[in-house]
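Got a structure for you, written out below as structure tokens; questions coming shortly.
The chains carry the letters A, B, C, D, E and F, assigned in the order they are written, with residues numbered from 1 in each.
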């Protein structure tokens, strides 16, 4: 239960991370059996924010960003920072200086179950952030925590090295050992959806090609001509 | 209390719907005596979203979008989908495929007291959505519900065929039988407000031309020169 | 405890207000010892909103905007309206007409611990607003309140004439008698941060130049090579 | 859209109200097809609170209890007050004086989508209240509203004269014309549940006597001996 | 802006504090013109909790209870602890050990805009607490703060030495220099309410003896015989 | 990613579970380094509720209690049910019938990150429940899920067989392999706290015997005689 910083973690192959990022949050979430989503309060600081990377996890005391600085010591290009606090907080633990540091080391974004500040500067730098709150509230550097340990972030379990995919729809976690399979399943899903899209565009009904009319009947839903 | 799908409903005349849409939410709400507003948590997925249509109502089990598919079977061009769940949910019950289907049938937007996903795609398609949450969480198609029945959506009572007006300020419901009167009252209000705007621009005070100085006096509010 | 309108208040020198506005919320908050921030639920109605002014405070009954009209009677160019209600409310107490009136008198923005409406129009006019909610809900003009008295707005104490700085990160209050000192401290902070930014850009670590490695050791945080 | 007070409404037969009250909220809700529940934020002010009555509805301006006083003018013994505000509020619109008045006229309880105060006194009087908040915040008597009109209370549509059943589990509305049928269906449900309770007490499994093992298989849920 | 501990503060006369405590929260709040209430989320940990005392204020870093210990150094019998954090937190900053310490020094209760723990023990000791949350989450003792400075607690401004009255209805603050006047006004209010209670018990209507029938007419509220 | 029911899991020794239960939530949480707490919204349905058991975990579709019935098939005496949903829900997934079934099989309580109903009956049976909401809302039995898999419940990671301790302060999880060590550390903590309690009772200050005066000095906190 002591605080620790793990220097080396296994990371998913960058090619797979790239594929998962292209698939986007909704597709990845479906492709892995509707699991791994963070809560819907995690919102991007600008609407076009989009990122995928390997999780560099941080567990901090609320109101204290010491361990984010510690995380920069063991990060790698392609990582995405995943910051949690040991209890609920909306303090602005991360600002544009840490954003500069992240970009200097190739860290591709921030997922923080707390607050963020300097959002205009971070937006101008195109450093994507998903956070619970935008808040200028400053933090101290006084209390120990851990880097690259298992955490729960916004309701989702995250292990270091897992893939994180984030876009306008939110944030999803792909466990390291499922990443390749999910990437394949997602690609298949996209192909299938393209055909569905075409049929819907031609005014076919989901009710028909998903075979739902029978379902409605079984469930006892009745059609009635008027009120 | 059985689940049902009503095929035919009475709808407000499209010309009146168009007028109400042009008036916008705040004006319509005032014109009908400050009634009919949905709760303020209903937010558009993009800032320029704006829509007006006749309500095609859906009552669903939370986490289940079967009845949205059923609604597409009885929709008409000019309708706006109004989706409610039988208990609180933020699941992403609607995505870009359903958006494509809506646009193919002339449905002009979505009001959903739950979640929505594929928001980038829906924004790119200019399909306007007002929702309680943006969430990628997928849903099943297993449980019956109803289409074109009376519902409560985000605190407002909605009957099928009522007019829904939605813009950056939120969502308002106009009961079917009041639509024509509200459209007239709203137009008068706009004309009057234009004059007020002009006077305010010329630095006149609302205190003076609304006659509020006397009111302040009656209420015992006193002026004091300094602290 | 009677309701009152104070006509004349002391205001901070406009040059200091301008400086504080340029520093921005996060810097000002840090420069005054991490105090004075409003709660994070206060959000701008458009992302580029930015304002600084002297507080013209209003205490209103919820759902009643009579006292906002009263405030226009004693405002001065360079003021920023700070509106609070005597209990929680999200009603849209302020719309584009009041925005026109504010701009006609040189009031530079609105901070409201309640709702705002006509947000498209206010955005088009570039009248910046920070609010708890966007809501079209209309209000009455029936109950007394006060103007230019001490208020609590979104968790922060505000006295009339204090400086308010607001941007994408939120809203901060600078007490009147600290404004000059905070402006100076903020400017120094900005200079220092520019140097830090440069070092971080060159891949130096905060851990090193803030001297945090020793801190980690004292706190018993251990480095571990792998999981 | 004018404000009005309806003097006479149709009410459900007291015997049916009594039966529904004995069945309790959960049973009544199930007996009418899982409809009519208010949101879960409606909580009793003391754990043993329990009431059933015919709805005497009030629509008020937030922060204004004028119309509650007006409602006392048209109430009847056996009514239950149902108070809503035109926008969100937690003000304490009802206190022990109104509680005394209610008891003097035979009103059996209060359902209020806002705040209540004097909760110790109301508890001592055994006057049951379900509210969104306990708050001492006082209110004015300045703005018109309506009595005995259709309202939405805590997410549920209520018409005057409907039956309201409330207990530790929350509040449910039974539409006037369904009350007799729901009372019958509820009584049957109770009898059936007593048998189920006996079987469960004897360690039978719901999985078996609800026939859910087959369901699990169809859904592809697999049993596995160990992790 | 440095952190400080003020040893000596002016306190309201104990007799006045006692009177205000007997009046209770709702009466005191009304007697001082409906001001001074904390937000409704401040709830007692047991229903019979009731306290009145002079405010011993604490401003802490979230998740850090160092300054509560510091406050015990300057407390006096009859004080009530008022604890705030510099940003939102629900951590359990106070438990039964601090409760023992408070009782040893005559501190009569705790008002904390954060969390509390050991609530069973505190209840058994009859040490009354009003808090935002019950949470076992432990805290550190690492960061400076202040004692006996002006704070904002749950939306209300509190100065050291102000009177705090708390009961089942919430928490109200009486400014030091108004305490005597409020106590007098409250006593008058109680006498008057007793008469009102008697009239209501005799089935008189508030509508009549508050003269509200005329008001309803002026507001255009109409009586209607039936739906 | 398929749904599964694990029949056999490793469980912590009952004697250790009993010890942890006696220590209570706050002590256990501290004894394991301030980890493992669920969010503060998890509240007991009655104030004296207290339980400790080995986690029998359930992952369900929101609004669907099929998998709770499935869990009863693999439970053991001494287990505590831990129910999560795949997305946010407050539906009353558990009522007195399931409570009877639990007691028949020796299941000692319920931790549910959703709603519960029949709370009067469950209280009368002394079946302790910690829940996010009390809500009568009924559920279906239509969708697959899993039993005895790793879940996140109210922000805490829970593995099947972990120890759950719950009381008036909330709910804490002790990982299976740390249970014995935490029980020992907790017992030591209790002994030490008893001594501290005695010193505090004798009016000693935490400031002195925790050595915090030096800390305050280092942090630059200054004592000042008066305002």
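The rule is simple: contacts are C-beta pairs under 8 Å (C-beta built on N, C-alpha and C of every residue); 3 or more make two chains touch, one makes a residue touch a chain.
Values in this document were obtained by computation on a predicted structure and should not be read as measured data.
Any chain that touches subunit A and also touches subunit D is listed here: B, C, E, F. In summary, the interface at B-C recurs among the listed pairs A-E, A-C or B-D; the equivalent pair, sharing over half of its contacts by residue number, is A-C.
Work out the mean CA point of subunit D and of subunit F, and you get 31 Å between them.
If you average the Cα atoms of subunit C and of subunit E, the two centres end up 27 Å apart. For subunit A, the set of residues touching two or more other chains reads 2, 34, 37, 40, 86-88, 90, 135, 137, 142-143.
Checking each pair of chains for touch leaves A-B, A-C, A-E, A-F, B-C, B-D, B-F, C-D, C-E, D-E, D-F, E-F. Interface of subunit D with subunit E (complex): residues 2-9, 46, 66, 69-70, 72-73, 90, 92, 95-98, 100-101, 104-105, 115, 117-120, 123, 133-138, 141-146, 148, 160.
For subunit B in complex with subunit C, the touching residues are 24-26, 29-30, 34, 37, 40, 43, 47-48, 167-170, 172, 193, 196-197, 200-203, 205-207, 210, 212, 215-216, 219-227. For subunit B in complex with subunit F, the touching residues are 61-64, 86-91, 135, 137, 140, 142-143.
Per the touch definition, subunit D reaches subunit B in the complex via residues 1-2, 32-35, 37, 39-40, 86-88, 150, 152, 155-157, 178.
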